[in-house]
Amino acid sequence: MIFSSDNTAATPPEILDALTRAASGPALPYGADEHSDSVRRRLADLFERDVDVLFVSTGTAANALGLATLTPPWGSVLCHRDSHVNNDECGAPEFYTAGAKLVPLGGADAKIDPDELRTAVRYKKGDVHSVEPSVVSVTQATETGAVYTVDELRELGAITKDAGLRLHMDGARFAGAVASLGATPAALTWRAGVDLLSFGATKNGTMTADAIVVFDRALTPELSFRAKRAGQLTAKTRFQSAQVDAYLTDGLWLRNAAHANAMAARLQDGLKAVPGVELLGAADANILFVRLPQPVIDGLLADGFVFYHDRWGPGVVRLVTSFATTEEEVDALLAGAGRHAV
Amino acid sequence: MIFSSDNTAATPPEILDALTRAASGPALPYGADEHSDSVRRRLADLFERDVDVLFVSTGTAANALGLATLTPPWGSVLCHRDSHVNNDECGAPEFYTAGAKLVPLGGADAKIDPDELRTAVRYKKGDVHSVEPSVVSVTQATETGAVYTVDELRELGAITKDAGLRLHMDGARFAGAVASLGATPAALTWRAGVDLLSFGATKNGTMTADAIVVFDRALTPELSFRAKRAGQLTAKTRFQSAQVDAYLTDGLWLRNAAHANAMAARLQDGLKAVPGVELLGAADANILFVRLPQPVIDGLLADGFVFYHDRWGPGVVRLVTSFATTEEEVDALLAGAGRHAV
Amino acid sequence: MIFSSDNTAATPPEILDALTRAASGPALPYGADEHSDSVRRRLADLFERDVDVLFVSTGTAANALGLATLTPPWGSVLCHRDSHVNNDECGAPEFYTAGAKLVPLGGADAKIDPDELRTAVRYKKGDVHSVEPSVVSVTQATETGAVYTVDELRELGAITKDAGLRLHMDGARFAGAVASLGATPAALTWRAGVDLLSFGATKNGTMTADAIVVFDRALTPELSFRAKRAGQLTAKTRFQSAQVDAYLTDGLWLRNAAHANAMAARLQDGLKAVPGVELLGAADANILFVRLPQPVIDGLLADGFVFYHDRWGPGVVRLVTSFATTEEEVDALLAGAGRHAV
Amino acid sequence: MIFSSDNTAATPPEILDALTRAASGPALPYGADEHSDSVRRRLADLFERDVDVLFVSTGTAANALGLATLTPPWGSVLCHRDSHVNNDECGAPEFYTAGAKLVPLGGADAKIDPDELRTAVRYKKGDVHSVEPSVVSVTQATETGAVYTVDELRELGAITKDAGLRLHMDGARFAGAVASLGATPAALTWRAGVDLLSFGATKNGTMTADAIVVFDRALTPELSFRAKRAGQLTAKTRFQSAQVDAYLTDGLWLRNAAHANAMAARLQDGLKAVPGVELLGAADANILFVRLPQPVIDGLLADGFVFYHDRWGPGVVRLVTSFATTEEEVDALLAGAGRHAV
């Protein structure tokens, strides 16, 4: 009955099993284990090219490390004003970059507006009195649950690369975007110009492992030094890599995401039928913003449903589903909403 | 047959079981889970006072976060020249502290010499032309396998506190020190003046979880902001806390450490009988430095034993045992050494 | 004929004379010279209380050092979106603070809107997922030439202090504000809650010296370490302090500012009479924003007048006067504008 | 009668005159003034190649900015353990580099020992667990008054460049070294591999201006951003550049240094004749370390001579001369020493 975040879910049995299997006998530390190799191979298949991978303990670390590798300290990170890197990481990007500036841009559904980006990538470029536009960070799926289409990403990528900037993707919910669009991971990343991807896994199934996928492999040495220095290079890497290995096996990552998306769609469909409910913005993946009548909010809270409701305008509620959300939970919420709406 | 490091061991079944049990159903994120509470209670019992705890993914993160909370950027960290923070963290303390200076001190067995410390804590104090002595960091057990006695810690603590500095302990192998001395955790930490402890767990049993134990709880808010900003605040904290919870249950942490120590002692005893072997320094815990005849080194490597041998003087070898090291492995190494020594 | 900035003016003879007098014989370094003492006394008189003073080489250094002393790295600096610290210092505040976040607020005439501030000072306070509101920075006079009244400052100061934040003032053109308002320096600073003031002198007369005035003197030790570490503690301090000493003698600083203001007022009055000219915003001090017909802009540039004209909307021009601007220069520009407007 | 430092001297009349001449009429800011151009031309002549130049307010800023441009944050700066960057800048290099590590090396007369350097430049290169050797910093003349010969610099330069590191020179007393050796500035810098030079001027004549000379001009854009961001880009640059311009005119810089060196030599010669005086180390430039009998130290202090005497071993005194030191002052000290030695 928790719809507050997809980070409250546990982990699928496949991942727990893999961890259990990995927990026998010795293994070489610092990424020299067999699961780390396997993950590299699986990601190369998935993205249709050689990639490097670094395991990290949080999405915040993935983003901050990645951005620090893509901008000098006197650079700026162009991102959406509602992005996680801008709002929800306590300045981790500023810490890791040694003080780069996050420049917030607008755009519907937490997607960066291409026209704003066109101006921003060239703003005071080369002027020492101002920070230097250096990297664009897009979130896929966005913080409001929308998904950039391949064409949208290509456009942003072209603007970014034409101006000589780097492109970073916060893919905390990348799986949800892939599942939503049916596009290839390659089309959604490096083919659109993405240099580094925060390949989110925790929200979609793993326990203590996220990853950075490096498309421009010339960045890997710097990223590796930064990761060690940040305290992100684990000794017993196998216990992270085994999780991600299982996550990537037999399509588990996509299956989980598709399920979470389907649960959000079911929620959305059901809420449309509830009197007084207003859908807010796109809900392409597993996040849904809706405006609910206050009695519905109060009633659902009293019923024990958990969700965020007091952070945006009056009546605005965020509902998040996960791989672990059941149809029963969705239907219970819908039933409650219908009951309290009367 | 791996004696290169205690970070190559897997994890005890108790910890794997705990993780499995924790992996069912939803849980609140960011430390609001029941295992986090349990760990706090267990640590309070263990240390005979209220403490705060933060979970981190590596010992390097634990050290760097702790030190950053104990020194201003213009401060200095007084540490042994052979310490992990000085040599093996790629400058993580410098990164986290925004550029504090590590001042290396001498002393036998990688223990800080009290006389050197006495001078260093007052060196150019208050002189803006020089970094300000701010925190002393001791490693317990040390990087060469020695253990500070309670009296030694008290002396260093008194020097530190009399001069108005903070005391930090890198306890990557704290369990080994407690097992070795039979002293209470309290006597080895806050009673000697320790403000913050990197409570190492990974080398001694956990998979992906270490912890910072905060004795001066006024430091906790700053430490919490720093941890989030460093990408060290995990969403699914239960999967770290459950590991540490099991680690602290029924004395598993001490039992593991005592076993590792016993295996090192068995190694040491056995090597004494091998012709041409020279024991180097104290081996109070689970690390042993010895000088071996070159044929013994070559022979053991050819036998498949894994250990570091080319980082120090000629013939100097480091052997590390763990909770998972078996008597059979130790005896096999001893047999091999005896054979190659002839 | 330069109206682009007040930083193109030379220096008054009084300051050059003082420097010449200071340049004889030896003097103790690092602020132990007699002029440094004299400046402290003069500032104490001026501000009606004991203050500390640090000399710096630029206004950017003054602001960045001051802000770094007033916010932790995980804090936020609330400032106007058009402020110098936000736009024109290449991220110096982010560098000096080790990555604090500048949060841009709105408000007319580049003054912070009190209602926006009221929300911002409490935004996600104490939430580790977000930067912590820590310091408010106001620019007096503002970047568009407006001046906060004493009442306006008191209001912002009360909002700031009620929420437990620090108050910083970028006084790059503080003299102009004092001259414009006729209020006491005390009323405009610490009586309104200001903790630290960047006391701008370069734009108003000195050559290579600016100063930080410290009202909360408990901040001075930290500020002194930060200044040294930033390379801002000069050896031959007398050559900075002598400049500021002369600047503060016999009201030179205020006389200079009053003259610059008068020249801006003369410009404004004259431009009102030019057909097609639109005055934009308040011009309380020595900066004037106007919209000019394009032929007037082109004509003045062709005449050799220097000013910024392509940074804002079409036709928008910034004109800045200084202590060195003459009535003849102003009248020449007015005559030219009148001629080209026909 | 001040022998404590060369930073207590005033400025020669030529520099004051130049400043006076520069102080008339407007000038373009931020280095677009004619004196900045002139300095670039004079330095190009002096160093026999095109160079870039940035003006800074202190030698500490020059060093810290230069080093930050030559090492990544995870790099190490190899320097002598007695160097100014290591001891006397309150961690400015650590601040500017975002936490690089200064690795102290030994060697007589505060010169880096080539054998130690040979080991250090390759120490754990490419190992992410350790900071990466990145730049070597030599001080010319050294902090104890010795001067590297051209051959010595070539050797250090070759070791540095063969290992792929950068070479930085702290030339706070570069003029003294040139005057002492009679070698060309080119031979002492870029021909030996120096990438960036802190071209010290303040100790040898200027009032508020030092400079960074860039031999590898590809570094200039980064250095320029860093300088602005550090608050080191002055608006009224002409008041710095005019000082350096005069300093470089008609050999003033070398004449001043030769005079300071001659005064030190005179001191050294005279002290040899004083009973109980022991000369310590080379005194190639304007710094002299000697061991004096305690009555001599006490007597000279009582006579009003100022010098450092309690920072090193018992009886060790540092005597520094400058361009402003007179033969009469030197002879007075010698007479006093002779008198007190009886």
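Structural remarks
Read from first to last, the chains carry the letters A, B, C and D; within each, the first residue is number 1.
The rule we apply is simple: a contact is a pair of C-beta atoms (placed from the backbone, for glycine too) under 8 Å apart; a residue touches a chain by one contact, two chains touch by 3 or more.
In UniProt terms the chains read A, B, C, D = L-threonine aldolase.
Everything numeric here is computed off the predicted structure, so don't read it as measured data.
Chain centres were defined as the mean of their Cα atoms; on that basis the chain farthest from chain A turns out to be D.
For the pairs B-D and B-C, the larger set of C-beta contacts lies at B-D. Note on chain placement: the centre of chain A and the centre of chain B lie 34 Å apart, centres being C-alpha means. Computed centre separation for the pair chain B/chain C is 51 angstrom, with centres defined by C-alpha atoms.
Centres computed as Cα averages put chain B at a distance of 42 Å from chain D.
Multi-chain contact residues, meaning those touching two or more other chains, occur in chain C at positions 73-74, 89-91, 95, 98, 128-129, 225, 228-229, 233. Those residues of chain C whose C-beta lies close enough to touch chain B in the complex are 72-74, 98, 128-129, 132, 222, 224-229, 233. Contacts from chain D toward chain B in the complex involve residues 73-74, 76, 87-91, 94-95, 97-102, 128-131. Residues 2, 5, 7-11, 16, 19-20, 22-29, 56-65, 89-92, 95-96, 202-203, 207-209, 225, 228-236, 239-240, 324 of chain D touch chain C in their complex.
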